[in-house]
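By letter and in written order, the chains are A, B, C and D; residue numbering begins at 1 in each of them.
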């Protein structure tokens, strides 16, 4: 860790701090400069938290050298993690496609779309039973009824199911019905929820928050793994920027960056990442090309009747076209589809 | 509501949609244009949700006319809401100052700072018992022990207490110990939590999310009021932008805007809004000038030993200077301090 | 155009405005609503500028229906524009690769890298003679000397050259030496410069500004085309967001969006778009997959000695690997390389 | 400067780099750590530019200790700079108010508003003769004719004039007509223009770019001062964020930060900073409270007829109310109005 002192700090004050650093087992360094003095602390700087350097009045700025995450870091664990959805290994040789409606609306809707999607060989079926909505007057999901329909869809098609969990107290209940927990962008820093899914072993699809840095996303994953569950799938779904032509700005830089920094698999959500139906296919191709392990897309047999996010759902024909269009890019990336 | 159709949509298709609009009790309008056709729907457009216009393939864009929030809107309720913290009316003639440490750390720490702050006549004492932290390896708060200390501080000083709630399941427990719930920026769209604090009557201090628009903040408040609790205090605490010189970008535009759009009181958090100790006083003055109803600031008798956010905590001397400096601006704004 | 009036505006006031709209040759529409009145103006709304609706005190908000750009719009001109760089058609069947050093530094440097790149069959050589640098103390380019070296490199290799123009008064001079003008991100809204390159016929590579919306980029292109030069190549180069792990956030959503909205070719600059050498290849592949017409990348035989942006330059080996890696994705996109 | 090496770099490679650092006259420091090695360079790190550390393949990251700007830094020159507009010292005891129309439209318009504003004792009259507009079809200003009208307004009222310069080649011409150059947000990084106004002695009002960091703003000012003109006035005018309720997000954090980092005066533009007429007064008050040296606001006798930005122009009555409302806040800030 590099500690930049304020201009005018005396050597005596600096030495006091250096002694504290040494007392924590780190090697202290004193670097008096022309305009200001810089201190160094060599070793596992994470133990310096207890020194509260952050609040020390002689400290101007702290520059950490090491990343704050450990368990999810590729430096410490270079082997790609495979997270199993049924028989499908997310992060393996086969490009993962997860699809389904934004929200579970009825038995007919869910089974209909599940059967259509199943024919395309998708890895898992997505569908929200609990929907976090910006307005209290919007459709909030079917709740437990939706979970039961997901279970039925799983039994009918064999597809593992993914559904969003929005509260720690729902984790146990949901575990009876679904195969993978999704943490949505709005809950990306709901730490109680992260810990709750960390205390069980089912896979967790962790979406990046709308304004989360990639480091914050990795630290959110670190919460889950640290709590005991190594089965984390990261998901880039667009960040919030000044651009209004698209719903969010899909950050594929982040995908390439994450693949280098972590051993966890990384998916891309082009449906929320663009919010525009026509842009879903090209951004799915780009996701495959940039090195993502798969995509998660919204699909609905009749988008025009969807109770939420209909504008970004693909119908049967559009989904088939997506899969056809996607294949050559997945192959170019050296993966199977 | 204005509905812009895609180029090339036929009149027949447009008329089908107009008939649906009419069937919902709204007055339909047909506006064929040179390049594309525009439809109008006059009336309470909120009932149009069930038409799923969003997902209709002939629709290019929807432009709502009315705001999505109602209960918190000043148009529908022009009288300023006063939220009571003990005997102090937030939103009234007296500028509200809430202060205290970032986190509750010990009995000595909390009672010490509470007594110092109480002498300055603050309205309430803040202090976190459950701390949402970006890293799982950071201090996470004392939990229930912290709540008990807040209760003791309240009994010792008479100051109402404000503390962050991070999970719906904690609401009942916390209600026994504290006087006002704080919803933090990371939980600004944790709707289960918003509903939980909406189902009781204690005041709620609702912070804006790091990437929440003001409309989303108002809709989050609408969740709480809609669930039955009218005692909501809004709080601007800085948004996430490209600027890295300060921790966040405090958005005082939003404060002036909110005061015009809602009857709820609006506070400003210059501690998180700047993240830089030296900037807290000037931004507090600006908050008073722009029309905020008060501020919430972090204070610690020994910031250098704070377990979290020490770099933005004011010590006794700095807090006294803030209060002295603040007074003329509060008076210029026509309020008492 | 949709004109939303403020609450409480009288019908008389509204009718005055409608009469003005009609006097401009547009069809006026009156839509009295429950909470507020909405007016419509059907026809070419661009003529309404002279009504200054924006400043009218009875107007709350204006919602345009038509895009503000015309000449660059695909709706008005659906055929893809091909911009010629020598014999290479940017926007045609062959994926365009433009490469070269950030800045021209010396004859040896430029010719050396040009010969290496020429062997890979790139479409054009890039190199800055005038460098816009954030600090006045950074290397500002060789100026005219750099232009002469670019001319020599063109004569030696046959490669057309692309170089940034930073001031309208340089356009004539530069036209003697180079084949394509580049407008950099910092000058994306330097309208005098846009007009100057619009008054000649050499191709213009127009980069998106760091905080330009895609609509603003299209309007900047409209300036050039409106001034008489149809040979505009758009270039996405990353926008400024809160994310600091990469230098900018490359917005590939924008590429897919632009390809639908305009007939102009669209390139991607993964060097500035990421600012991280290791991310250039995967984002180049993604650019090909998302439908871009090509890429522009920085390359230097000895990045370690580059006077600017060395951290994002590819050496000979890295460039060769990029071209090899890129090929299957370009083919998957149905283009040649 | 702190230089973090990539993991796995050998000591030999590190020593080569340290020798280079020493050869530049800086003191080198070697800090081998657990996971990676860190180097230090003590002294005026600005001379290290020629080492191109940025492009060195063994370097992972560079962390500068010193600011990149010198001439505008308060550390090097702690005395507040006063910039004279006629007899008025911007940066002195009197709060500066600059006002006028967005664009000069006609003799009647300009002289009318100038006389109204002059009665309020403003420091200078603003008005654009060359207007940078997003669309080529918008009013672009009267050009030289506008400059002549500004000269006439100056002669009629005695008010110094401020007008935007959009191209380096206009500087000489404009110097004959106006008293202070304004550099607009779109040209905040047009370095040729910055140098051109730096080569003369008239005051320069330098606006922050829409996506400029405060460091970039200070470096833009450094360009002007470094070219020979010390008369620079900084202006915060709002940055581009995800928030759409206001035209920009006025960043008053930046004002307080700039006042600490530079000796140059800092103004605030609440007209562009909010884009909403009703928000101009409260944000002006906040500007005074936060420590700004003044404001620049748009005013028009008949905003409803303004050819540009009418929605954010204050009429005579609104301007009078602003001045009345502003006074107590300016006094609270210890300044005169």
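Note that contacts are C-beta pairs under 8 Å (C-beta built on N, C-alpha and C of every residue); 3 or more make two chains touch, one makes a residue touch a chain.
Bear in mind that the values here come from a model prediction, so they are computed numbers and not experimental data.
Chain pairs A-D and A-B differ in how many C-beta pairs they share in contact, with the greater number at A-B.
Of all chains, D has its CA centroid at the greatest distance from the CA centroid of chain A. One finds 31 Å separating the Cα centroids of chain B and chain D. Per-chain Cα centroids separate chain A from chain D by 39 Å.
In terms of their C-alpha centroids, the spacing between chain A and chain B amounts to 26 Å.
Residue positions of chain D touching 2 or more other chains: 211, 240-242, 244. Of all the residues in chain A, the ones that touch chain C in their complex are 211, 213-215, 238-239, 241-246, 249-257, 259-260, 273-274, 276, 278-279, 282-283, 285-291, 328-329, 331-333. Listed in rising order, the residues of chain C touching chain D in the complex are 46, 49, 52, 54-57, 59, 68-69, 132-140, 166-169, 186-187, 189-193, 209-211, 216, 219, 222-223, 226-227, 240, 300, 303-307, 309-311, 313.
Residue ranges of chain A in contact with chain D, taken from their complex: 2, 4, 7, 29, 31-36, 38, 40, 42-44, 63, 65-66, 75, 240-242, 244.
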